[in-house]
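Please find one structure pasted underneath; my questions will follow.
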Amino acid sequence: MNKNPILNALGETLKKVGIDKKKVCITSDIFYKPEDIKPLGVDFYHIHRGRSIAFATGLKLGNPALKVIAFIGDLSTLGGNHFVHAGRRNMNLVTICINNYIYPFKATKKPVKTSFSTYSNFERPFNMPHLAKSCGAVFVARWTSLHTKELSSSITKALHKSGFSAIEVISPGGHYFAGIPDLKEEPDLIKFYYKNSEIKNGEETMNLEIEFGKKIIVGEFIDRERPTFIDLYNKRLSKVLGDKFEPYGGNRD
Amino acid sequence: MNRMEATVTEIRFGGFGGQGIIRSGIIIGRAASIYDNKSATMNQSFGPEARGGACSSQLVISEDRVLYPYVIRTDILVALSQEGYEKFVHELKDNGKLLYDEDLVKLKSTKRIDTYSIPATKFAEELGNRIIANVVMLGFLTSITQVVSKEAMNKALPESVPERYVELNIKAFDKGYKYGIEQKKAK
Amino acid sequence: MRANPRDVRTGILYIDGDVAAAEGALAAGCKFVGGYPITPSTEAAEAFVRRAPQVGAMFIQMEDELGSISAVMGASLSGKKSMTITSGPGFSLMMETIGFGAMLEIPFVIINIQRGGPSTGVPTKTGQADMMQARWGSQGDYEVITLSPDSPQESFDFTIKAFNLAEKYRVPVMLMSDECVGHMTEKVVVPEADKIEIEPRRLYKGPKDKYVPFKPDKDLVPPMVKAGDGYKLYLSALTHNERGYPTQNIKNSSSRRLIDKIRLNADDIIEIKEEGLEDAEVVVVSYGITSRVAFRAIEQARKLGIKVGNLRLVTVWPFPDKKITELSKKVKGFVVPEINYGQVVFEVERCVHGNANIILVPHGGASVHNPNDILTAIKTIVKDKKRYDGILEFKTELELRIFGSGDNK
Amino acid sequence: MKNETHPMENYLRMDRIPHIWCPGCGIGLAVTALVSAIEKANLDLNKLCVVSGIGCTGRVAGYIKLDSFHTTHGRAIPFATGIKLANPELKLIVVSGDGDLISIGGNHFIHAARRNIDMVVICVNNFIYAMTGGQVAPTTPSPAYTTTSPYGNFEPSSNVPQIAESAGAVYVARWTALHIRRLTNSILEALNKPGFSVVEVISPCAQYYSRINRLGDGMDMMKFYHDNSEIKHFEPTDNLSIGYQKEITVGKFVDRERPTYTESFQKWLKK
C-alpha cells in the first residue's frame, strides 16, 4: 500500500492492466521518492519542471513499443504548450495532470494564501478537461485523488487507448499551503475536495470549470478515436514512398 | 582587402529570385570542384533579400584551397537583372568580365570592364522554357571565360537538375556555349 | 563498429555545411532529431527530414526548442542516437535541458549554427559568440565537449566525431559551427560505410539485478540501459548517488565525476591541429571558420620570413591548457582571432600565465575577419619588445576607420 | 500630386517603407485593417502599444508608428502582459504569426487567455514558417508540403479559435485577408472589448506556402478565399479546423464577458 493515493491507484492499475510492466515508463516533473516508485516495478524519469510531456514524446518516438505515462504537476505554469501540441499530434501517451492549484472555497471562509500570491489567489485555473478535449485528446477524465477505484479504472482505459489521454487528478499538496484556518492537514483537504465533488460521466467539457463555491464535477468525459502521430506518419509515408518506406516501429527488440 | 591567392577566380551572379541564380553557382561550383579538381566555395544571399526580389550568389574558384570564402573583387559578374548589374558592377576588377542578358540589362557604362551580352531569356523561351535562361548563360559563361571546362560542365549539369529536364538543360547549355564562341570570334 | 551502409550517402557531394552536418549525423547512426526552425540552421533539419524515412529515423518538429531538446533526451534514453539542430536564440532556450542532459549523462549532439547576436541579432550572418555559453550556459557545474568545423567537409567529419564522443563519454557534445560554414557550399567526400568508425552505445552487459545506473567503469563513465528493458530505472536530475537516488551528500554523488570524466580524459578527447609550432615565435590560436581565414594571414607572414605556428582548436572545450602553457614558455606571443569581442582568448590568457604577449583580433560578427588584420597582429607581436599585462586588443582596419585609433596602440 | 500623402501616414513609419513582405503576401492587408480599426476606434495614440514576436508578421511592429516592440520569438504576449500590468492605462495590440503565437508561444497564449489579460491578439495565419524558408507549422493543414514535411504534412493542425475559446478568450473571430472590411470591424470590436481577444487572419504566403504547394500567387489565393470561405457567426469552435484547400469558416465565434485579470486583481485587493 502506497502512501501516495495516486501512485497507489496506479499500482493497483498496473497489477491488473495486462500490459508488460517492463515496457511501462513514467516521466514526471513531480518528484516521487525512490521507495514510492520502486514497488511499481517500472522505469521512472524525474524530469525538470514543465518538460515531462516533451521528454515523454521523445521516449515514445525513440521506442514506440513503450507505454509512457507522463505525470505533470506544472501545467499551470511551464508545460502547457507541450500538452496542447502533444494533444494535437495525438501522441500516444497517458498524461496524469496533478492539479494542485489552489482554489478558494466557501468552506474555507477566508481566501486561500500561497507563498506566491500573498493577496490570495485571484487567477482562474484552467478548465483542463475542456482544454484537453479542444487540443485533441482521445480520452479525458477528472477525479480527486480519493476516487481510487474510479481513477484506477480510468488509467486502465487510458493505457489501453491509442492516442493522447489526459486524466486530471485534483490533489492539493498540503505543504504548499499557508493560512487556511479550517483545513490544516493535507488529508483533510483532500477529503474536502472529495466530498465536494459530483460524478457526471460524459458531461460537456465546457461545463467543467472549477468555480468558487460550486461542486467539482468529476468523471470520464471524452472517449473517442483518432489516429495517433505514428499511425499518421506511417500512413502518409507509406502512401508517398511505397515499398521504399519501412513503417516506423522503433527498436522493438 | 586584397585577395592573396594568385590563382583565384571570383564570380558573382546577380538577378531575381526564381531565375536560378543560386543553382547556377552550385552547378559551376560542382563542375569546378568535383570534375576540374579545383576548389570552389559557393555562397548565396539569405534572408528577406533572398526572397521575391533581388537574389545573388557568389563563387570563389581556386587551384588551392579557398581560404577566404567570400568574393572581394570579382573577376566575372553575371547579371540577369538590371538591379543585379547596378548593385554589383562596382565590385568588378578592372578588365573584369561582365556577362549579361541583353534584354534584361541596360548598361550605363562600359568603361573599365569587358562586356559580353547574350539574349539568354529569349533563347530559353525559344527552347521552350524561360526558366532555363540561367543554363544558357552558364554555357555562355563557360565558353567566354573558360573558368570551368566544358567536360566538367557536361558531367555536373545532369546531376544538378531533375531527370526529366536533363535533355532540355543540355540543349540550353550548348546554345549558350556556341553563342559564346561566335561572340568571341566577333570580338 | 562500422557505419551502416544504408545510413551513408557515399560519394563526392557538393553541399553546404548544414546539409553536411545532417549527412554526418545520419552516417553516425543518428535515428532521432527533434528540431524547430531557426535561421541559419534550418537547412540541416530539412536535409535530415528528407532522408529520415529511408533509414528508419524519425524527425519531429516540436512546438519550440524547449520541446525539441526535451524530446531528444527521451529518445536518447530510449536507445536512439539523437540530436537537435539550432542557432543562438534556440540554443539559449535549450540551456536548462543541456544541464539536465549533463546531469543524467545522456549522450546527445547539438548542432549550433552560430549567428550574430545577442538576442535576435543578425539571423542570416555569422558569429562565434556562443562559445562561453556552450561551456557553462546551464546552471551548476558540469563539463561538455565542443567541436568547431571550418568547412562543410569538417561539418560532416566532426558531426560523426561528436556522436562518437557523446556515446563514449555520455556527455552533451556540441558542434559549434557558424553561419558562414553552415551556408557555404563546397565539395564533401563521404567515404564508404566501412571506412567510418562509429562508437556504439555503451550498454550494460552484466546481470540485470546487479545494474547500478551511475556506477562508472574505469574511465569514469557508467554504462547505460535502454528504457523499457526491465531495469526498473529511477533517474532524477536531483543530485544523486550511484543508484540514481537523490542525495544531499555531495561526496557520495556523481557531481565530481561529471567534471572528472572529461578533465581526466582530456588527453583522449582534445584534438588540435598544429603546424609549424616547433620553431614558432608567434602562434595563432583559432577555431572554426576563423582558423581558415587566419591561415591566409599565416601563409603571408611566412612569406615575409616570420616564423608563425598554427594552432587550430578542433575541440574548443575541453581546452588544451597544457599545450598552450608549454608553448607560452617558448614563443614571443599569441594572436587569437575570433568572431566576438573576446571569449576563448581569456582561456589562452589563463594558460599563458604571463609568459608571452597576447593579441586579440576581435570581430563584431556578420562577416569573417580580414586576413590583413590578423597579419598585422602577427607583425605587431614580432616587433614588440615590451611585455604587456593582460590582452592587447587589436583594432581592425574597419574599426580604425569608424572609431579612430583610440588609446590602444 | 506632390502634396498627396499616404492615407495611413500618421500610423506608419514611412521612413521604413518599402517593407520586406513579398508580393502577394497578406500581412500588409492585416496591417491596413488594423490601422483602419485604430483610426475608427478613435483611441489616444499615445496610449497604444503594438508588440510583435519573430517571423514575417513579427515585422509589423517595425512599421507601425505607435510605441512598438519587436520582441523575441514567441514572447510577444508575455512581453505585452508586462506592459499592461505595469501600466493598465495602455491598450495592447499583439500582432504576430501562427508559428510565433501558437507554436513556440502557445503556452503564453493559453495562459494569457486563462488570465484574461486585456489585449487584442491578431494572429496572422499563413500555415507556414515563412521567414525561415517554409517549414511546417502547427497550423499547416494535412497533407500540405513544406520543407520539413517534404512527404506531405501528416500532423493534425491546430484550430486557433478553438484553443483561444477553450483557454478563456472573451472575443474570438476569424477572417481571411480578403475580408478586409469585416476584419477591420472585428479588430475594432476587439479593441473596444476588455479582456483577451483573438482575431485570426488567414493570409496568403505566395512565396513559400503557395509555391511549394503550387497554389498560384497571392491573387489566386485571394480568389480561393473568395470562393471557399463561408461566414458562420457563433459557429461552435470545434468545427473550425481548416483542411488543405478546403472550405474556411470565418466569422465571429465568441463574444462573452469574463472579468479581466486587472479587474479580478482589484477585486481581491479590495477584499
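Read from first to last, the chains carry the letters A, B, C and D; within each, the first residue is number 1.
As a convention for this text, a contact is a pair of C-beta atoms (placed from the backbone, for glycine too) under 8 Å apart; a residue touches a chain by one contact, two chains touch by 3 or more.
Note that this is a predicted model, so its numbers are computed, not measured.
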item	value
Identifier of the chain whose CA centre is least distant from the whole-structure CA centre	C
Label of the chain whose CA centroid is most distant from the centroid of chain B	A
More contacts between chains, A-C or A-D	A-C
Intercentroid distance (Cα basis), chain C paired with chain A, Å	38
Whole-Å gap between the CA centroids of chain A and chain B	60
Distance between chain centroids, defined by C-alpha means - chain A, chain D (Å)	31
Residues of chain C whose C-beta touches two or more other chains	39, 53, 63-64
For chain B, residues that touch 2 or more chains besides their own	none
Multi-chain contact residues (two or more partners), chain A	81, 84-85, 233, 237, 241
Chain D residues within the chain C interface of the complex	54, 70, 72-74, 99, 103-104, 106, 129, 131-133, 135-136, 138, 147-151
Chain B - residues contacting chain C, complex	1-2, 4-5, 25-26, 29-30, 33-34, 39-44, 46-47, 66-70
Of chain C, residues touching chain D in the complex	35-39, 42, 45-46, 49-50, 53, 59, 61, 63-65, 89, 119-120
For the chain A and chain C complex, residues of the former touching the latter	22-25, 27, 31, 33-34, 37-38, 41-48, 50-51, 54-63, 65-66, 81-82, 84-85, 233, 237, 241, 244-246, 248, 250-251
Of chain C, residues touching chain A in the complex	32, 34, 53-54, 56, 58, 60, 62-64, 66-68, 70-80, 82, 96-97, 100, 226-238, 243-246
